[in-house]
Structure formats: C-alpha cells, structure tokens
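Two complexes are shown next, each including subunit A; its partner changes from subunit B in the first to subunit C in the second.
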Partner chain A sequence: MLEVNHLTVKYGAIRGVDDISFTVNKGEIVTLIGANGAGKTSTLRAISGLNKIAQGSSIKLNGEEIGNIAPHKIVEKGICHVPEGRRIFYTMSVRENLMMGNYIHGMSDFPKKLERVYSLFPRLKERDKQLGGTLSGGEQQMLAIARAMVTGGDMVLFDEPSMGLAPLIIRDIFSIIKELQCEGKTILLIEQNANMALSIADRAYVLENGRIVLSGPAAEVKADKQVQRSYLGA
Partner chain B sequence: MMKIKNNDTNKTYLSYIVVPVLFFVLYYLIQTKTINMYWRNIILICGINGVVAMSLNLINGITGQSCLGQAGFMSVGAYVSAMLTKNVFKPYMTDTFQTYALFVAALIIGGLAAGLIGFLIGLPSLRLRGDYLAIITLGFGEMIRVMWRVVPAAGRAKGINSIPKVTNFVSVYIIVFLVMLIFRNFTKSSYGRSCIAVRENELAGETMGINTTAAKIRAFVFAAIVAGIGGGLYSHLMTFINPDTFNSAKSTDYVLYLYTGGVGSFSSALLGAIIFTIIPEILRFMGEWRLVVYPLVLILTMIYRPKGLFGKHEFGFMRFGEKENEYEKEENAGILMLISKAVKSLLNGKKEKTRKEAQ
Partner chain C sequence: MNNIIQLLIYGLQLGSVYALVSLGYTMVYGIVRLINSAHGDYLMLGAYTAFYVSLLNGNNLILCLLGAMIASGLIAMLSDQLAFKPVREQPKFSSLVTALGVSLFIQNLSRALPFIGPIPKPFPTLITKKLYNILDITVSSTQILMIIIALILLFLLTYIVNNTKIGRAMRAVSLDRDASALMGVDINKTITITFFIGGFLAGAGGVFYGIMYPTIDVSIGSLLGNKAFIAAVIGGIGNLNGAMIGGILMGVIEIFATSINADIGFGVFYLILIIILIFKPAGLFGKLTNEKV
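This part shows the complex of A and B:
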C-alpha cells in the first residue's frame, strides 16, 4: 500500500533520515523502532508531507507518488497522521476537536462518526464539553486517536502514542490500534516502547542514525539478540 | 461547517434585544441633543475603532498571527473611499438615497482595495510567524503610509480635505452590527474553524487536511477588508485625513484596544475599543496628567487582567444565543465571572475572619 524508496530527509547538512526504503502492505501493522534521533519521526513527517524530502526520494501510496504534495492534500488521499505529543486543540471542547477532525468531509456524516468514536472511547463521551486542554494525558491521546479516526483514511500513522502514559492506559491504546487493524486499516506505528510495539506489529524495522539496520517479521526482530539488548532491556 | 444542534442547552436571546434597544436609545439621545456633538463624535469613533479592533482580532485573536500594521489597511480604505467620494461621486450625491448608496459603494471599494493590500501582506505570512511577522506587518503599514506621501492624487503630505461628511450614527451602528454578524458567521464556518486550528496548533490542523496557508491568507484579506471599511468611515467622519493620521502609533492603539479588551473575542475587542477610546476623553480634566494616568490604567489592566478586561467571553449574540458551558466559562474568564468570584472570595474571607475571631 505504502512504498517508500530511498527516502532522505535533510536538516541543513545533517541527514536525519538517510536513504531508507520500506513497504507497508494493506492491512498490516508495521512498526519503526529506534532510539531517540534515529529518524523515526522525520520519516513519518516526510510521509505526511510535513517534512521536505530530498531529491531521489520517493513515497508512493497505492502506486501514486505523494512525495511532493502539500500535507492537506495527502490527508485527502487517505493518510492520517496522529502527531507526536497529541497536538489536540486546547481551547476547543472534545466535541469541537472531533469536529475539526471531520474538516475535509463536511458535516453530513459527523453524528454517525461521533457516535462510533464515543462508543469506542466512553471516557471522551463523558467529557464531551470539556476543553481539550483540561483533559489528562491519556484522555488527550485518546482524543487525538479518535480525531484521526474521524478524519478517516485507509492508512493511519501513529507517532509515539504511548509517550508519557501509564502502562495501563498504554495497553488500552494499543488494543485500540489493534482494533483499527481489524477494521481493515493499515497502520504504521512508531514507538519508543519497543516491547509493546513488537507485540502487536506484523513486521518491524529497526532504525539507527537514519538507516534501517534490521527488518523482518515482528517476532523475529523481537528475538534478535542485538535488539533485545538495545531496546528491550534484556 | 454546519452547527450540530445541542438540545440540552437553552438559548439566550438577551443580546438580540439589546442591539435594537441600544440603537434607539442612542439615536433618540442624539436626535434630542441630549448627547452633544462632541460626545456624538466620540461614540462614532468608538464604533469605528471597534470595527478595526475586531478586524485585528481576526488576525491576532482567531488566527493567532501577529499584525502591527492595521492602520495601514485602514488608511488604504480611508484614502480610496475618500478619493472616490470627493472626486468621482460628489456630483451625484444629490439626495439622501443616492448619497448613502454611493457612500456604501465607496466604502466597499475602499475595503476591497485594502483587501488587495492585505493579500500582499498575507503572502509573507506563509513563511514567518510571531515576532518576525509582526515586524513585516509594521514595515508594510509604514510603507503604505509613506506611499500616500508621494502619490499626487492623495494630496501628498497635505492629505485630503473637505471629504463629504456622510458618516453618521446610523451608518456606524449598522456597520458595527454587520461586521459583528459577518465575523460571527465566519468564525463558526469551516473557514473560521480552519483559522482557529492554525492558532491552536498549526501542525495538527495540517494533519487533518486543513490548508493552513490558505487559512492565513484568507484571514489577512478579510481583516484588511473590514479595516478598510473602518478607515472609510473614519475619513468621512473627520472630513480630513493626511498620512500621519495612520502612523504606527495608531496601529499600536488597535493592538492595545484588542489586548486590553480581550484577545480572541470580537465582543471584547469592541468593548475594549469603546472603553479605551472613552477613557482618555473622560480624563481630559486633568490636562497633561491624562497621558500619565491613561498608560497607568493600561498597565494595571494588563497586570490584573492578563486575558484582557473581558477575556475571551463573547456576547450571547456572537454565540448564536447558545449558553457557554462551565468549562468554556472558566477558560473565557469574562468580567462577570471575575466579579462573582471576587464576591465569593470576599464572603469566604469574611467567614474565615469570623472563624478566626471565634477562636
């Protein structure tokens, strides 16, 4: 579904992402793991058009080149990005936040989507009118995910959904990601919490200094000695 | 974006009644000369300042950009409409109807001209934000002012005089009302929502498919049009304008009205403009000291009300009559809530005092 070839992202002279290639097939959960500064977020931002890509890079969605089009057009093509650090609208209520998620679709189908999202996240329903900024971290992350679900699109990019959350809430959030996969969405997940990410992913890529150093089915990557030492704390 | 109906909140229609009542009361007072010409002009200037402050709120409050050149946009509207009425429309302004039809036409053309300039200034705002954008807009504002100094048709440094005096209470009141109405609907529309998304979190907006660049330009153009209309009203009230009328101090005035009133709310911008236009007039009895006291009032306002006097609170009319829920009330921090809080804390303080005394 998503095909990334020779992707390079430059920050001045520094190559944040250095010539990486990977694919995400339809219906899969693929995870990119790596330490801080390995280039995970840069990769994701490049896919959703937020970072400029260097020459020679190519990002294809269903065979169509999307490497150099504006972020808002990429959303219309069906890639939805849940950005790092939640990025919800602090002075808007929960419902308004979700309404913003439906921006590109107009309002006709919103009530139906709202109902569905609220059935998945009853916590958000309780806080319907509360302002986004007054929610707890976990609730904000739920709101960010819910908002992305309202936006729709066949492919969802998650950027560290577990950042700063308690283990119990992380489990909830990962089970929702798994649920999204069951609904037929394709997911590209970035995580610091490698253990959790590898346990739900189908395939994994390990990034180091902007390069892919290891790839394969999640179970194999999890079993790798080097990965265990570096990321799983074994 | 259509509005989702909230059936659980009953609507308030108070401000829908206040608008016509206030109009007729003021109109009656002006007609019967209870309000003299001096105060009538101040009321009109309040309204005009309110229009421009509200237009600034669209850029600074709703879209979260910073613009320090609002007087520049205003001057474009003022000059273009004044040149039109004075040089082109004057022979045709024979009866009341024609006079006002042509006046409105001149205002609109002046507004559109300002909108064009707003578009040009909006373009650099694609790349810049915060202080840098503020400096650019400041520069643009000054550039426009200096431009009038060299254009012969604008009378160079002499300015334009004997502009037909057609701005009156009715026209200002109606325009203030229309501007509020348009801004209200704009804010609730998908365009307005995209502007708010830019303010709240540009990146999140982009990931939701909002064209943030277009939203910013739209805000600049729209604000410039409204400021231009305000400028047109101003020139036809003063009957005399020159480039120095619209210097950067005037731009600063609008920023001041907006931030002391409450940035992010059109009603607060209007009220801020009204209050801080009137205060210097009330303080006139102290002569030169007024220039000391007035800034002091501003400083105290900013210290004790950093969100502005009225916060982000909007009139009921601007909320489509919908009541604010408790969370919004807390966030908006209207002055009424402040007063009720103060009264409560005063009561609690008394209780504690009596408790202490009892001990």
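This part shows the complex of A and C:
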C-alpha cells in the first residue's frame, strides 16, 4: 500500500534520513524502531508531506507518487498522521478538535463519527466541551487518535503514541491501534517503546543514524541479539 | 455629567474605528506571527477607493463602504501573495522587514500615482448629519450609524471566527500549523483569507476615519495604523476580544484626554502602552504562554 524508496531527508548538510526503503502492505502493522535521532519522526513527517524530501526519493501510496505534494492534499489521499507530542489544539474544545479532524469532509456524517469515537473513548465524551489543553496526557493522546479516526484515511501513521504515558494507558492505546488494524486500517507505527511496538506489529524495521540496519517479521526482530541488547534492555 | 456622556459617545465612535483596524493586526499576528506594518496602508487605499466610488456613484454610504472594504481586502491579499508568502519559511525578521518595505512602497507609490497624489483630498460627506437630542445629550446620526455598523462588523467577525469552518481553520493554523496541515487544512489559503478579512475590516476603518476627519492623504494609514496597533498590543496581540476592547478603550481614553488638553491625546496612547507593558506585558487579555512539552 505504501512504498518508500530511497527516501532522504536533509537538514542543511545533515542527512536526518539517509536513503531508506521500506514497504507497508495493506492491513499490516509495521513499526519503525530506533533510538532518539535515528530519523523515525523525519521519515513519518516526510510521508505526510511536512518535511521536504531530497531528490531521488520516492513515496508511493497505492502506486501513486505522493512525494512532492502538499500535506493537506496527502490527507485527502487517505493518510492520516497522529503526530508526536499529540499536537491537539489546546484552546479548542474536545468537540472542536474533532471537528478539525473532520475538516476535509462534510458535516452530514459528523454526528455518526462523533458517536463512534465517543463510544470508543467514553472519557472524551464526558469532556466534550472541555478545552483540549485541560485534558491529561492520556486523554490528549486519545483525542489525537480520535481526531485522526474522524479524518478517516485508510492508512494511519502513529508517532510515539506512548510518549509520557503511564503503562496502563499505554496498554489501552496499543489495544486501540490493534483494533484499528482489525477494522482494516493499515498502520505505520513509530516507537521508542520497542517492546510494546514489536508485540503488536507484523513486521519491523530498525533505524540507526538515518539508515535501516535490520528488518523482518516482528517476532524475528524481537529475537535478534543486537536488538535485544540495544532496545529491549535484555 | 451630560458632557461626560457626550464625550463617551464620541469616544465609542473613535474607538470603533480603532477596533476595526486593530483586529486586522491581531488576526494576521495570530496566524503568521507577523506585525504587519503595512496594515494601515490598506485602509488608506480603501479610503481612496471610497473617495472615487462616491465620485462615480454619489454619496452612497453602503456602496462606498463595500468598495473600500473589498479594495482593502484584495490589496491585503495581494501583498500577502506577492511579498509575504515568498518569505514565509524564512526567519521572522525577514517578514518584519518585508512589511516595512510593503508599507513604504504603498505610500510612496500612492504619492506618485496621478489619481491619489501627494495633495490631501476632501473626503465626501457620506452620512447626512442630523442631530438628535435625547435627555439633553446631543447625538449625531453619524455617530449612531458608525457605531452600529462597527458593532455589526465586529459581531460578524466574532461569529465567523468562532462558529464557521474557515474560522476554526484560522484558529487551528494560529495554534499549530503542522497539526492543521495534517487535518487537511490548506495553510496558504487560510492565511490569505485571514489577510483578506483583516484588510476588509481595515477598509471600513478607513472610510470611518474619512467621515470623522474629512481630509485624506497617503499618510492617514500610518497614523491610524499606529494607534490601532498600540490598541491591539494593549488588548493582547493575537487575541480578538482584546483587540476590540483595546480599540474601544483607547478611543474613549483619547477623546477624554484630548478634551482636557488637545495636544496630549496621542501622548496618552504611548503612556498607557508603557504602563501596560510594564505591568501586564502580554496585554490586558493576552496570556504569556509557556510551551507545554
């Protein structure tokens, strides 16, 4: 479904992402793991159009090149991105945040979508009129996910959904990601919490200094000695 | 007592002009973090548009207002497309200097254009002045009409920003540009629309200014723009309610100050600005924000 070839992202002279290629097939959960500064977020931001990609890079969604189009057009093509640090709109209410998620669609379907995400996240329903900035970290992450669900692309990019959250809430968040897969969404997940990510993913790529150093089915990557030492604390 | 109420109404009239202009400053600042020093010049061009609309169509207030507002809005949009958009990804300093350049360019080009020129023009009387006596207070039809139209515009703007899709997009872009793009918001289009709305309101401010002080020249923009900018800062730049209340407040204060001594009117503006910046650096309604990580 998503095909990334020779992707390079430059920050001045520095190559944040250096010539990486990977694919995500329809219905899969694929995870990119790696340490801080490995280039995970840059890769995701390049896919959703927020980062400029260097020449020679190619990003294809269902065979169509999306490497050089504006972020708002990429959303319309069906990629939605739950960004790092949640990035909800702090001075908007929970409902307004969800309305922003619905931006590219008409309002006629919105009540149905609202009902659906509220049944999945009852905590958000209770806080319907509350401002986004007053929610707890876990609630903000739920709101960010709910907002992306309202946007409704077939492909969802998750950037560190576990960041700064308590273990119990992380478990909830991951079970929702798994549920999204069951509904037929394709997921690209970036995590520092490699253990959690590998436990729900189908396949994994390990990034180091902007390069892919290892790839394979999640179970194999999890069993790799080097990965265990570097990322799983074994 | 009657005298005070009389001054208050006069102050509201002037304040509503400031409010209309300072809204544009605050909206543009909110969305692109740019202090657009060319904002006053949009209203100057709007005032000249009204001048020519009245020359062609007679003294029709609504037509002149619409002409001025649309002209100012389009010029604001054009200046965004031609001057600000190319430097949008550059450091903030570039757009600040660009804004100064746009302002100087508009003023000096206008001075050179034959139909504007360096010589002040008399602004037409768009509202036939009638005086009403209510409980010994004299109110003119000009004052009533101006305050009502300004209030309608302010209300309309608040409604658009708070309750419509484009308004939500404007707020979202001012809060978090990347996240808005991920929602499918066309950032450049939203910014351009914000410039248009800011210019649109400034156009009304220009016409009202011409009605109150019926001589227009190329520098009215920087004079009125300056005051409106200070009003926006006093209200808390980036905050819509702040700009409206700041504008009205400063209008009232200026009138009272001028009634005591005709020369200290503008001085009071700066005095209040300094006091506010010392004690409430983010303005009356602004919040000093700490980035939450």
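Convention: the second predicted complex is superposed on the first by the 234 of 234 C-alpha atoms of A that agree within 3 Å, B and C clash if a C-alpha of one lies under 4 Å from a C-alpha of the other, contacts with A are read in each partner's own complex, and residues count from 1 in each chain.
What we mean here is this: a residue touches a chain if its C-beta (ideal position, glycine included) is under 8 Å from a C-beta of that chain, and two chains touch if they have at least 3 such contacts.
Since the model is a prediction, treat every value here as computed from it, not as a measurement.
S.K.: Overlaying on subunit A: subunit B and subunit C, fit or clash?
M.R.: clash
S.K.: Please work out whether A:S93 is in contact with subunit B alone, subunit C alone, both, or neither, and reply first, second, both or neither.
M.R.: first
S.K.: Of subunit B and subunit C, which one contacts the greater number of residues in subunit A?
M.R.: B
S.K.: Scan A:G39 for contacts with subunit B and subunit C and give back first, second, both or neither.
M.R.: Touch partners of A:G39: none, neither subunit B nor subunit C.
S.K.: Kindly classify A:Q130 by the partners it touches after superposition: subunit B alone (first), subunit C alone (second), both, or neither?
M.R.: first
S.K.: Is A:G106 contacted by the first partner subunit B, the second partner subunit C, both or neither?
M.R.: It touches subunit B, and subunit C stays clear.
S.K.: Would you check which partner chain A:P83 touches, where first means subunit B only, second means subunit C only, and both and neither mean what they say?
M.R.: A:P83: touches subunit B and subunit C.
S.K.: Which holds for A:L50: it touches subunit B only (first), subunit C only (second), both, or neither?
M.R.: Both: A:L50 reaches subunit B and subunit C.
S.K.: With the two structures laid over each other on chain A, which partner does A:G16 touch: subunit B (first), subunit C (second), both, or neither?
M.R.: In the superposition, A:G16 contacts neither subunit B nor subunit C.
S.K.: Considering only the contact definition stated at the top, list the common interface residues of subunit A for subunit B and subunit C.
M.R.: Shared contact residues on subunit A (touching subunit B in one complex, subunit C in the other): 48-50, 70-72, 75-76, 80-81, 83, 87-92, 99-101, 103-104, 133, 147, 151.
S.K.: Residue numbers of subunit A touching subunit B in their complex, please.
M.R.: Contacts found on subunit A: 48-50, 70-72, 75-76, 80-83, 87-93, 95, 99-101, 103-104, 106-108, 110-111, 129-131, 133-134, 147-148, 151.
S.K.: Could you please specify the touching residues of subunit C with respect to subunit A in the complex?
M.R.: The touching residues are 165, 168-169, 171-172, 175-176, 178-187, 292-293.
S.K.: What part of subunit A is in contact with subunit C in the complex they form?
M.R.: 48-50, 70-72, 75-76, 80-81, 83, 85, 87-92, 96, 99-101, 103-104, 133, 147, 151
S.K.: Quick check on the complex: what are the subunit B residues that touch subunit A?
M.R.: Its residues touching subunit A are 1-2, 4, 190, 193-194, 196-197, 200-201, 203-212, 312, 325, 327-328, 331.
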